[in-house]
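First chain written, first letter: the chains are A, B, C, D, E and F, and each begins at residue 1.
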């Protein structure tokens, strides 16, 4: 369970939001909304502990996230604006490295399987430089196929994806919620998540 | 009059378009359309002479643009994806430098006037670093207020602007066309240009 | 409990800003006073040094500036440690406010030392341990100021500058001893800083001058920290109130 | 009490005048310049912030109270 | 613990291999700077022999320094650094891995080519040997300290020059003991004292610097 | 003609003033590198005096070189370079302006501080004077040639190191004549010949290099 209490965010001179709080229980999805520059990305970065809030508190399983950094990170999967893939490496290599840094070793078959699921079959060994924008995004998303960590934090995951891939990702998120996972995500597209308790949160 | 004949564009291994041609006469606007990555920006960069076409010819007033570079540039105003402003300088300074590089010296009053028109009154002396995305775009657009060159090439000029500013810019473009100017632009937003002969051109 | 409360009140910019404003004239006056007496003793009363002639009078500036340049760096590192440990807003500003003064002190130490070295050693500069480490200290100051200036967000600037200061302060003794070693191993020291037992009156002059520089540094740093505070807290209620009151 | 015999002696500093006065002069210069600069920065800051505050207040009073 | 360090090293080395330019350029910079000196100073052998340790060490220092800006910049730009900071391992360990990889790519090759360049300066065999050894022992400290500077200047305007400003003063002890060891050997005094101090500094740098870098990285990510 | 050059210079200087760090950092890099050498080589005054011209010149060269990557990179990133290329003036003139501004910011300060550093190496007054003069005359050539390299590597991966690789070989003649003039003066031979060659090279570089840079920039903009 993730709880945020009375969060305040200052960037430069702007107070982006203040007094923001919510609770995210297993099986729930929070759909974060707001205009450009409202502070959605800033809020997500606070939640994952990269941006210290001006005031307020964020608790994971009842304890402040600052006090249990490594445990919290082990429970957390974040996908940001950037894909975090290396253009020089192949999708397979990228996937392996990402899994290893997340503390989850992966055998070859499982990796190939995940890549095939995101539609990259046949491209596992092509350097990512040659992939299209959408395919690059898919390399990053492949992690979600095998990820069993309880909390997903997704910043505009649908960007650059085509319609089929958007549907596929919505399914993946639903499955995660049905397994008792939690998720918080932002998106400017209207996407229907078929299962799980979806709640909207508007900032700015 | 701007004429393009049988243009072909290759990027890496992809042929983005081939056999593309059009004529742009005074008072006309070409509205360039196509999906992301179709080659719109590439085409505009060909038209302004920064990207040599694989084959085909571009003529300004009947003569190939490669043969009259400086004259052509003197007749041309280009606005790209980037704003071409310096974050360290103020809007006023940026505007002055831009005008000077375009060969048009500007007195203080005219500059302040143009900036006021784009809604930057009171911010003329604040470094652009502190401006919002939309305000930065407006600094770049302020040039159009005073620009009397016949050919405008605008790459997604409406990006980051709010509704009022979009209307304002549409007016500016109309006025340009009514003065006998020419324009070619791309945009993903549907914007109504109130006057002038508007033509669509679809690529990809 | 009451202590804690007071400390936090003191450390809050809204309280500290006017307090600093009131303190500055006192420190400045003390600085001028000590300086005048020190100069009087050092320049007019103190007799000549039997080894160095009148040239030794540079000592009345050289030693205080050298001390201050090192001491200010330590103070900055102290504030940096406090800032990183307790996340207080004031500490970063204090470190930043001290830096230019520290750099100037280091520069003056080098300048007066060079002007002293020419008549005493016959050269403006030697690559001696003390001199070299003072030069490096100047670089550390400049590096710190450049780093802080390059970061837009003041809180980030404070933290990054703090790390640099702490790394630097660990390095200063290492640098000093490495240079000393390098120098002494390589060749017998051609340079002897004359350690003549100073006449008591000279010592008094020097101590007074050191006090004067100290007061000066405090006054200037307080003045600078006020500016920093104003800029950083420009949207805070107390600044707005103060500015509009002064308006009226 | 005073060590020097004449003002000229004082200026000559036993032949070290250039070095001694060079040191004291530059130090004096620096120690006068620094406070002046600091004070000027402070005044400039206050003036600019006041100007911004006034501009803001004017903008607020002009905008329709919605 | 060790596993995450090895994973990071493996990935960074793989990347360096793919890019190639990385390894070759640091090395070439070293070679070019060292070769510039005889051009700037003149061809007297005696003089050059005296200079050799200093010049080679300064060049090694500059070559290492020039490769620093990219140490974290690429990972920062493409979002990998965030992911690393969010991994369930302490960031200090990850930085340790990246520092070691940086040394393998930018320090080790210098040590390997140093003897050849030393010969150009007419150094004797024992001096060559000590020179190689000092560069081998000293460059890890350069990588470690440099990583702090790279992390502090990550994403800043004009970061490259600022980085050198921050890092060079901190490099000085390494330079002095490194060049000092060679000089002591050349002059027959024996460089053992210098060498052990160098080793001590490297150990300290490798152990302590990654945590300072990690703290700086967290600030850069805010 | 002249007006556009002055406009460009004025803008670039204004930017440098706003950033401050730019000017200060190139200068301090120079100072630091020069100060490193005595640390690497040892404090013997005689030796240092012999080295001074070479060391100062190599340092000037490196300092100029390190400030090169940003010469066009900022303008490229924010789209200003496109606008400059589209202005009705020849791009070569604009590059001339940028080169001059670069020299004013990164070359001239070196010349101004060189005498102070020369004093640290115990150079005599006439040698100091010639040293300053050579740096004053020689650095424009460095800026001019460097601009070509900066334009050629604009937007490339690992551009910084690649840039030094391209530019350093071309800097060698400047280095040789620059340091040579000072040495000739120190040894009493008189450095006039060297100086006039240096002046000739600078004139050629300032006249010719901007047009080569302009051509390279057009390629980078494609």
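Here is the rule we use: contacts are C-beta pairs under 8 Å (C-beta built on N, C-alpha and C of every residue); 3 or more make two chains touch, one makes a residue touch a chain.
Values in this document were obtained by computation on a predicted structure and should not be read as measured data.
Enquirer: Going by the touch criterion stated earlier, list every chain that contacts chain C and also contacts chain D.
Expert: Touching chain C and chain D alike: no chains returned.
Enquirer: Chain by chain, through touching neighbours only, how many steps does the shortest route from chain B to chain C take?
Expert: Step count on the best path from chain B to chain C: 2.
Enquirer: Using C-alpha centroids, which chain lies at the maximum separation from chain C?
Expert: Between chain C and every other chain, the largest centroid distance is to B.
Enquirer: If you count the C-beta pairs in contact for each pair of chains, which pair comes out on top?
Expert: E-F
Enquirer: Using mean CA coordinates as chain centres, what's the gap between chain B and chain F in Å?
Expert: Once rounded, the distance between the two centres reads 36 Å.
Enquirer: Multi-chain contacts in chain B: which residues touch at least two other chains?
Expert: None at all.
Enquirer: Could you list which residues of chain C touch at least two other chains?
Expert: Where chain C meets two or more other chains at a single residue, that happens at 139, 142, 146, 150, 152-153, 179, 182, 186, 234.
Enquirer: Note the residues in chain D that touch 2 or more other chains, in rising order.
Expert: In chain D, no residue touches at least two other chains, as defined above.
Enquirer: For the complex, give me every residue of chain A touching chain E.
Expert: Contacts found on chain A: 48-52, 70-71, 73-74, 76, 78, 80-89, 93, 97-98, 100-103, 127.
Enquirer: In the complex formed with chain C, which residues of chain D make contact?
Expert: So the residues of chain D in touch with chain C come to 1-4, 10, 13-16, 19-20, 22-24, 26-27, 30-31, 34-35, 38-39, 41-42, 45-46, 49-50, 52-54.
Enquirer: Help me check something: in the complex, which residues belonging to chain C touch chain F?
Expert: 123-128, 132, 135, 139, 142, 146, 149-150, 179, 182-183, 186-187
Enquirer: Spell out the residues on chain F that touch chain B in their complex, using ranges where they run on.
Expert: The touching residues are 4, 7-8, 11, 14-15, 18-19, 74, 77-80, 82-90, 94, 218, 221-222.
Enquirer: Within their complex, state which residues of chain E touch chain F.
Expert: 19, 21-22, 25-26, 28-29, 32-33, 36-37, 39-42, 47, 50-51, 53-55, 57-58, 61-62, 66-67, 69-70, 157-158, 160-162, 164-165, 168-169, 172, 175-176, 179, 183
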